[in-house]
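Got a structure here, written out as C-alpha cells. Questions coming.
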Amino acid sequence: MIYLTRRVEFSAAHTLSNPALSPEENQRLFGKCGNPQGHGHNYVLEVTVRGEIDEKSGFFINLETLKQMLQEEVIDHLDHKNINLEIEFFKEHVATCENMAKWIWGRLAGRMKSCELHRVKLFETRNNYVEYYGDDRQDVC
Amino acid sequence: MIYLTRRVEFSAAHTLSNPALSPEENQRLFGKCGNPQGHGHNYVLEVTVRGEIDEKSGFFINLETLKQMLQEEVIDHLDHKNINLEIEFFKEHVATCENMAKWIWGRLAGRMKSCELHRVKLFETRNNYVEYYGDDRQDVC
Amino acid sequence: MIYLTRRVEFSAAHTLSNPALSPEENQRLFGKCGNPQGHGHNYVLEVTVRGEIDEKSGFFINLETLKQMLQEEVIDHLDHKNINLEIEFFKEHVATCENMAKWIWGRLAGRMKSCELHRVKLFETRNNYVEYYGDDRQDVC
Amino acid sequence: MIYLTRRVEFSAAHTLSNPALSPEENQRLFGKCGNPQGHGHNYVLEVTVRGEIDEKSGFFINLETLKQMLQEEVIDHLDHKNINLEIEFFKEHVATCENMAKWIWGRLAGRMKSCELHRVKLFETRNNYVEYYGDDRQDVC
Amino acid sequence: MIYLTRRVEFSAAHTLSNPALSPEENQRLFGKCGNPQGHGHNYVLEVTVRGEIDEKSGFFINLETLKQMLQEEVIDHLDHKNINLEIEFFKEHVATCENMAKWIWGRLAGRMKSCELHRVKLFETRNNYVEYYGDDRQDVC
Amino acid sequence: MIYLTRRVEFSAAHTLSNPALSPEENQRLFGKCGNPQGHGHNYVLEVTVRGEIDEKSGFFINLETLKQMLQEEVIDHLDHKNINLEIEFFKEHVATCENMAKWIWGRLAGRMKSCELHRVKLFETRNNYVEYYGDDRQDVC
C-alpha cells in the first residue's frame, strides 16, 4: 500500500454565516470572519489516494488522471468563485474549512477506480488547515 | 543606508471590474478574474523602508513602530474585507494588485519619520506579485 | 471526525545539556548543539485537535479559542525566552525538540473541552521536526 | 512513542519508461514524463523514525546518526545522478516516485537500531508526493 | 512605473560540461555537477516586466498574456526536457543557470509590447539563483 | 553583468541590548527582544555577487568557492553560537539584524576575486529581513 498526494490551489471568496441565526449570533460566533461583504483566500488542497503499485506502470493511478479529477470536481467549481453564493450546498451550510473538506470528499470519493480516497487536507491560510478521512473510518490517525 | 522589510498577510475578497465598461468588455478584459460574485486571496504584503542605522539602537526604525503602521494603515482596512465594496478608492478604480500596491504606498508614504518608504511588494498568489517604488523615482530598479 | 490544525511560531534560545553529565559526556552526546553559551531557533508549532462538526457553527472548536489557548499555554511561556533558564521543567530535562513536544502536549491536553488533542508537531528547523500523539495511544500513525 | 523526521534534498535526472514495453505504450502510459532524453527534479525526502525518549539524552536517536544514514544510504547514491542509468534497481523498474520511495525504505529499514523506520515521504515537486510505511503494516494511516 | 512578476516552474535534466574541454578539466571545473549521465532540477523562473498602469484595465499587461508568452517561449522548450541534448544553444554553451537566464531573456525580450522586460530570475534550487537584467543596462541594482 | 545568490541558514542566540544604556532604557527600546536571558532564531542569509560570465565555465564564480567563503566567514562564526557573547564586535554593538548584515558584509567584501559583492540579505524570521549594499553605493535600489 502506498499513498500519493496531489496539491492544487484555488482562490475563492466566502464568509462565515449561518442563515438560520440572527446577525448578532452570527457576529458572536464568527467575528471578523463573518463580515457579510465577504473576504477570501488562496485555498490549498492536498488530496491523498492509496493503492498497490502496478508493476507495469510503477504507479496505481496516473497522476494525470488524478489532476483531471481534481480539476473537474473541485477547481472548476470553486476557483475564482464566491462559495456562499455559487455553491448550492453552502447556501444552507456554513462555509467553514471543515465543511468544505467534507464537501470535497463527497465529490471525489465516488470517482476513485484503481485506488481509494484516503485524505482531504484543506488549508485556508498557511496557519490553518483541516483534514478529513471519511466517515466510516475508525479513528486511527 | 540599509533596507528593512516587514511581511504581513491579509485575506480579502475582490473582483476585477471597471464600472465604466459594459459587462462584455469587462469579461473580455478580466475573464474569470472578473466574476461579478467575486473571489478572494490571502494577500502577502512586503513593505521596505530605508534609513541610516542609529548607533544607540542598532536600527533606524523600531520594528514595532513599523508593524503598528502596517496594522493601522493596511491590515485594519483590508483584512477580512471586500475590497470593491468596502474601500472607497476601489469603487472607482479596478481592484488590481497594481492599483492596490499604489493605494498602499499612498497610505504609508506620509507616515514615515525616521526613514523613507522604499518599496511596496504585493503578492496576490505565490505566483504573481507587483512592486511599486513611488512615482518620483527614476527607473533604477 | 475531522482534524483541525493551527500553526504558530516562536523564537527562543536553548542548548542541549544534561546537568547530570560531565562536560565531556555532554559534548560527546550533543556536539555543537550543546554549546554552553546557547543558540536558538524560530520554532514552528502545529497543534492538531479533532472533533465532530457542530451543524450550527460548521466547526467543533472556534479557531479563536484555539489561538488563545496556544498563546496562553505556549507562546507566552516560550517566545523570546531562554528555554533552559526560564522554563522550570527544562532545568532538569534536556531541552530537545522531543521533550519540548511532550511538554507542550502536557500543557494543552487538559485545556480541551469540545474536542480532543490529537497531535503536537514541533519544527526546530525546516529540516527537523518531531510529532507526539500522547502516551496512552496505540501506535497507529 | 515519539516520531522524528529529517528532511533532505537531492537533484537527479530520471525518465518514466518500462523497457519491457514498446515506445508507443510507454508514450501512452507516461506522456511527457517519458521523454527518452530524460528530465529531472529537486527531490525532497522526509524520513520519519519512531522510538521512546531516552531520559539521559532527551532523544531516541542522535540526529547526526540519522543524517549520516541518509547521506550514506540515499544521498550518496541519488544526488546529481541519473536514476535510470546509475541505479541498478531502476534499470528494471520504472523510476516513479512510488518505486523510489520503496527503494529508499529498503535501504534504510535494516539500518535502524535504537528506533523503527516509520515513513518515507518523497516529493517529486512541491505539488506531488508519495508516502510509504512498509509492507507489513496494517492500513492505519 | 510598476513592476509585475510571474513565477513558473519547469523540471529538466542538465549537466555542466564544456565540450571543448577534456574530461579531466570538466571534472575539475564542475565536480559532481558535471556527471556525464546528467542530473536535474525543478527550476523556478520569475520574470519581471514593467510599465505604466492603464486606467481602464488597472494593469499594463494582462497576466494571461504574460503567462502565454512564458508558456510558449520557455515552458514548451524546457519542461520535461534534457537541456543539453534538446536545446540547440546548449549544445555549444555550458548549461549553467547563468547561461540559461540569458537564453530566457533572449527569447522573451523581443516579445514585449505594452511593457519592458525588467528581470529574469532563475532558481536552480531553493538555495541558488541568478538574476539577469539585460546587457545594455547600467549597473544600478 | 549577472547576479548570483547563495542562500544559507544558521541558528544562533542573541538579545538586543546596548550595554551603555540602563536596563530601563534597554527595556523601552527593545521590549521583549531585549530579554537579558536571550532568545534565538534560524537566520537565513542570502548573499548576492555579480560579475561577467566566463565563456569557458559558463559562470563567473564557482558556486563551491562561494559556499566555502560563506562557511568560513559566516557559518563557522555564527552557527550554533550566542552572538552577543561569542562575537567580539557584538560585545559593543547591538546585535540587530541591521548590524549583523553590515558585519557579514565586512567579512565577505574583501574575499571577492572574480566578482563583486552586491548584496547581503538577512532574514531574522520569515516576516522580517534587512538588505545591505555597502556604504559607498549611491542609493539606487
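Quick notes on this structure:
Chains: A, B, C, D, E and F, in written order; residue numbering restarts at 1 for each.
One rule holds for everything that comes next: a contact is a pair of C-beta atoms (placed from the backbone, for glycine too) under 8 Å apart; a residue touches a chain by one contact, two chains touch by 3 or more.
As the structure is a prediction and not an experimental result, all values here were calculated from the model.
The chains that touch both chain D and chain F are C, E.
Relative to chain C, the most remote chain by averaged C-alpha coordinates is E. Of the pairs listed in B-E, A-C or D-E, the one whose interface repeats that of C-F, with over half of its contact pairs matching by residue number, is D-E.
Each chain gets a centre from the mean of its Cα atoms; for chain B and chain D, those two points are 42 Å apart.
Centre-to-centre separation between chain A and chain B, using Cα means, comes to 29 Å. Among the residues of chain A, those touching two or more other chains are numbered 126, 140-141.
Residues of chain A that touch chain D in their complex: 1-8, 48, 50, 53, 55-60, 62-64, 140-141. Every residue of chain F that touches chain C in the complex is listed here, in rising order: 9, 11-14, 32-33, 35, 37-42, 79-82, 85-86, 125-126.
Residues 16, 18, 20-21, 29-31, 93-99, 101-102, 126-133, 135, 137, 139-141 of chain F are the ones that touch chain B when the two sit in their complex.
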